[in-house]
Amino acid sequence: MTTFRGIIPPVLTPLHPDGSLDADSLDRLVDHLVTGGVQGLFIMGSSGQVAYLTDAERDAVTARVVEQAAGRVPVLVGTPDLTARRMAEQAKRAQGLGADAVVVTAPLYALNDEAEIARHYAMIADALDVPVVAYDVPVRVRTKLSVSLLMRLAADGVIVGVKDSSGDDVAFRRLLAANESVGSPLSLLTGHEIVVDGLLLAGAHGAVPGLANVDPAGYVRMFQASIERDWETVREEQVRLERLFEIAFVPQGRSGDAGGIGAFKVACARLGIIDSATMPAPLEPLTDADVARIDEILAEVGLSA
Amino acid sequence: MTTFRGIIPPVLTPLHPDGSLDADSLDRLVDHLVTGGVQGLFIMGSSGQVAYLTDAERDAVTARVVEQAAGRVPVLVGTPDLTARRMAEQAKRAQGLGADAVVVTAPLYALNDEAEIARHYAMIADALDVPVVAYDVPVRVRTKLSVSLLMRLAADGVIVGVKDSSGDDVAFRRLLAANESVGSPLSLLTGHEIVVDGLLLAGAHGAVPGLANVDPAGYVRMFQASIERDWETVREEQVRLERLFEIAFVPQGRSGDAGGIGAFKVACARLGIIDSATMPAPLEPLTDADVARIDEILAEVGLSA
Amino acid sequence: MTTFRGIIPPVLTPLHPDGSLDADSLDRLVDHLVTGGVQGLFIMGSSGQVAYLTDAERDAVTARVVEQAAGRVPVLVGTPDLTARRMAEQAKRAQGLGADAVVVTAPLYALNDEAEIARHYAMIADALDVPVVAYDVPVRVRTKLSVSLLMRLAADGVIVGVKDSSGDDVAFRRLLAANESVGSPLSLLTGHEIVVDGLLLAGAHGAVPGLANVDPAGYVRMFQASIERDWETVREEQVRLERLFEIAFVPQGRSGDAGGIGAFKVACARLGIIDSATMPAPLEPLTDADVARIDEILAEVGLSA
Amino acid sequence: MTTFRGIIPPVLTPLHPDGSLDADSLDRLVDHLVTGGVQGLFIMGSSGQVAYLTDAERDAVTARVVEQAAGRVPVLVGTPDLTARRMAEQAKRAQGLGADAVVVTAPLYALNDEAEIARHYAMIADALDVPVVAYDVPVRVRTKLSVSLLMRLAADGVIVGVKDSSGDDVAFRRLLAANESVGSPLSLLTGHEIVVDGLLLAGAHGAVPGLANVDPAGYVRMFQASIERDWETVREEQVRLERLFEIAFVPQGRSGDAGGIGAFKVACARLGIIDSATMPAPLEPLTDADVARIDEILAEVGLSA
């Protein structure tokens, strides 16, 4: 029953130095990922810096990625907005542009209890033809989606999967067990780059790692080895990707949005996958020293343009 | 220099039982507030349940309140959205519909540092002709706006005031002192219903109390007494309003959005100010027992239809 | 019925430069406070840096302060430890040394619910002859004591007062009302230095301000004016004390324990009230630049050695 | 260089129904664990409900466990108290009673920065002959120990290991990599029961699972399989232990200290390992319904008295 499996990177949104969408770089990034073997693309995620895009820009990205993916892999689209009816509007536009699924958080700004959040998801699913994946990201949304809520939404047919960026691996582990005990209606995907090996061993269906923009093939090799239950290879790939992930810690004293995602953009730009590492205002570029250190790490793990 | 002074209620958004905007009740509520003597109206705030409204509904409310206020008092409009360019779009629409000022939070969903938040406010102010009031509401936005950030935004002419719903009265007190020491460029307004007396004594310019939807005249009397430096009367009014504020604690075990605001809506409906206490989905109505208890409290403080 | 009223400073613990207790400075500090007109002394509080003292040092301080106070004002003693039976041991030693009351937090390290915290307080009160004041300090203890819990403890005769350092003035305001409605069994004291005026207007019985170590007479004048309901004088004293309180913000980038309390110690040392501003290890002294700036602020508000 | 490896259960503290220490049950529990094959014993941990014990009771437990372990496995002793000099007193008593190492948290109640916490650990290590293991448990202590702090303490020879109960597996993973890159001076042990498989794959040296009180042999089999790099067996054992761990979620609406640890005590009592599931006051026993459900889960995973 499980809908989505494998490596589904949260696609970066390449920008020209003036801040406008760089559609050519986006095309190349999509090809880089699909050629790298990924099983899906997740656009309008945190790595895509969706919060900084207008609706017109969201639509331009969605249309372009759907066209460039050309059915080779499914395209999942995030819909962040404040509450259910607003998110449903975002989701319906994405659906109209060809999204294969939407990825939906708990409400923002609102202060809701669990019953209200359950109805929130039902309101959105009812408004759509494409499936809904729940996005659990309390660092941005304040709310942790509980195991019991997610399993209830699964039982009601409201959601088909979970992208877990909660950092709570004990809860994710319990979710894996609860899901398996009822026939695995949910695709359970981790959003954390460097714990993928252990979670694949534990039965996760895949991962949504921002770092896969830089090295999709590495994550795909790890996932493939997990299918073959070759855990030593899984671990070796994870160790190498963990070394690569140190690029995310190069920018010191930067905000959550500028630091890690900035490093991913710099790495992609240095590898020639995209033209510019520009981030949307009010985020400012990484320093030259940070770029130089990222170059070193890329070379250490065997990546170069 | 101070732009806004006095009682500026965050206006409830009356809905028909089917969830659609009840424009006639909104007109009556506006008249109730203006007749009650308030010095301004703040729409699209948390009490207005703005998070649950679509952009079309926001615009309908804004246009209607501006028309009904008819210049008797200024209309301030909230612009909650994810980030600066999106909030600027919200703000420009409000400005086009006649807003006298906009009320702007820190970014949502985004993870920004203080320098980025400063640029966020500057980006929005640069896009507008009307003044910007900063809205400090960490319970919804996660970010506390620091005294030094707010004073820097004041010095740069980016903001003209602060609506403080942070619950941190020590910081608000320091903000009052810092603002006064440079000639009071900022209007400093508290959003907390039952500490208004002490903050007026401390020099606050006014308040934005949700409870003023129910009893604007009481808050106006308190503010007027503070102008006359009649602190015993100030205190007596606050004590009475504090008794009334117990309606917000009647709903037990309800969410932050359904409980307190639900009680304000019930009170206004029971007093005949609006037709229905309906809240937007996925929020559900208060129980009959809660309504009965709210009736009792209204009677205890001398309010009745 | 109210047991404690007025200004009850949390007494600093003066140390010799080698870190040992400076009992002579402690005597002078006690005399400075009692001569300044305070209505009580609170030792073993956060300002006393109790966390860093051994039990032997706690006992030495308690014995010395009780002796030096010599019955002129009551001595309240904090008992921080992990849980009820351990705190009861601390409290019994304090009682044996002459404490007039003990000041007790929720459990530390333990993860308890409200019913367990209620029993925690009852266990401690049952073990003692002196009264118990509840100390609400969530920044250190993680737990906020609710209005309903405190009023239940009052009704059961478990506590006689609350020292509120929660920063939640809305809740404190509701506690004032709830307490008054049942005959004021509790002494309600705020621990926040610069919101005392507004809370006295609201009916607080007194304050426990760390800054009163530096200027007890100023706080005593403010309290006396509140008794006379001379609110303009109350406010003027608060404004002056607020200027003095800026010493607490001089140390930038320092920890919660080293910054503010360090500034109070420096001020007392510069004014000759105590000999040395030494803080217990692992806390390090403030910089010379910080000391110089504190000197300036002391002079600005008219304090000098 | 790594000092500690394998399964080191945090030993429960059995009590008689009157709340006094049940030393005979403690002996049997120690034998149950040692016979089960564990590589060490950790007493005075959260599972041992150390927060509720007096110093005299701590010493009684330590002496008894050291005697009963009789050198078969090392005994690690927790030292929770407020700050460094107090914790050093606890640690020296434990050392005098035969502890092989002490397990030390960041300061409690105090508000310290990272430099102060580094000195805190150095002060304690300097006072002792036995090695120090850092205990990272922010849910109780408020402070997360950073990767850079822990590696600096390792480089300075202050600590020999980390018990990680932080729930932040991304940080733990980075700690594993940082430690390995400098020759593995630290023993890195996870405190989370159901993510042990993935963390062993990632290179963790062992685990400190409260659930191992109930089924030490299961955890020992998992650890042994990891030594043999038989990851399918590792996973199977973890899946079974995860089913058993559902006992921790049986008590609904109970506090953090009463729920999970209460379930472990009930399970041990039902299996005859200890006589009574009594918890220290003010904690109350689990309900009969909870006990019945725990019995069922024990039977489901093949455990019975």
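To keep things simple, chains are lettered A, B, C and D as they appear, and every chain counts its residues starting from 1.
Criterion: a contact is a pair of C-beta atoms (placed from the backbone, for glycine too) under 8 Å apart; a residue touches a chain by one contact, two chains touch by 3 or more.
Model, not experiment: these values are computed from the prediction.
Student: Expressed in steps between touching chains, what is the minimal separation of chain A and chain C?
Tutor: So the least number of steps between the two chains is 2.
Student: If you match contact pairs by residue number, which of B-C, A-B or C-D shares over half of them with A-D?
Tutor: Within B-C, A-B or C-D, the interface duplicating A-D belongs to B-C.
Student: Which of the two pairs, B-C or C-D, is linked by more C-beta contacts?
Tutor: C-D
Student: Approximately how many whole Å separate the CA-defined centres of chain C and chain D?
Tutor: Distance between chain centres, rounded to whole Å: 36 Å.
Student: Taking touching chains as linked, do they make an open path (line), a single closed cycle (ring), a hub with spokes (star), an all-linked set (complete), or other?
Tutor: If you draw each chain as a dot and join those that touch, you get a single closed ring.
Student: What are all the touching pairs of chains?
Tutor: Pairwise, the chains that meet the contact rule are A-B, A-D, B-C, C-D.
Student: State the interface residues of chain D toward chain C in the complex, per the touch definition above.
Tutor: Within the complex, chain D contacts chain C at residues 51-52, 54-55, 80-86, 89, 107-113, 115-117, 119-120, 123, 139-142, 254-258, 281-284.
Student: Show which residues of chain C lie in contact with chain B when the two form their complex.
Tutor: 167-170, 173-174, 177, 192-195, 197-199, 201-202, 229, 231-232, 234-235, 238-239, 242-243, 249
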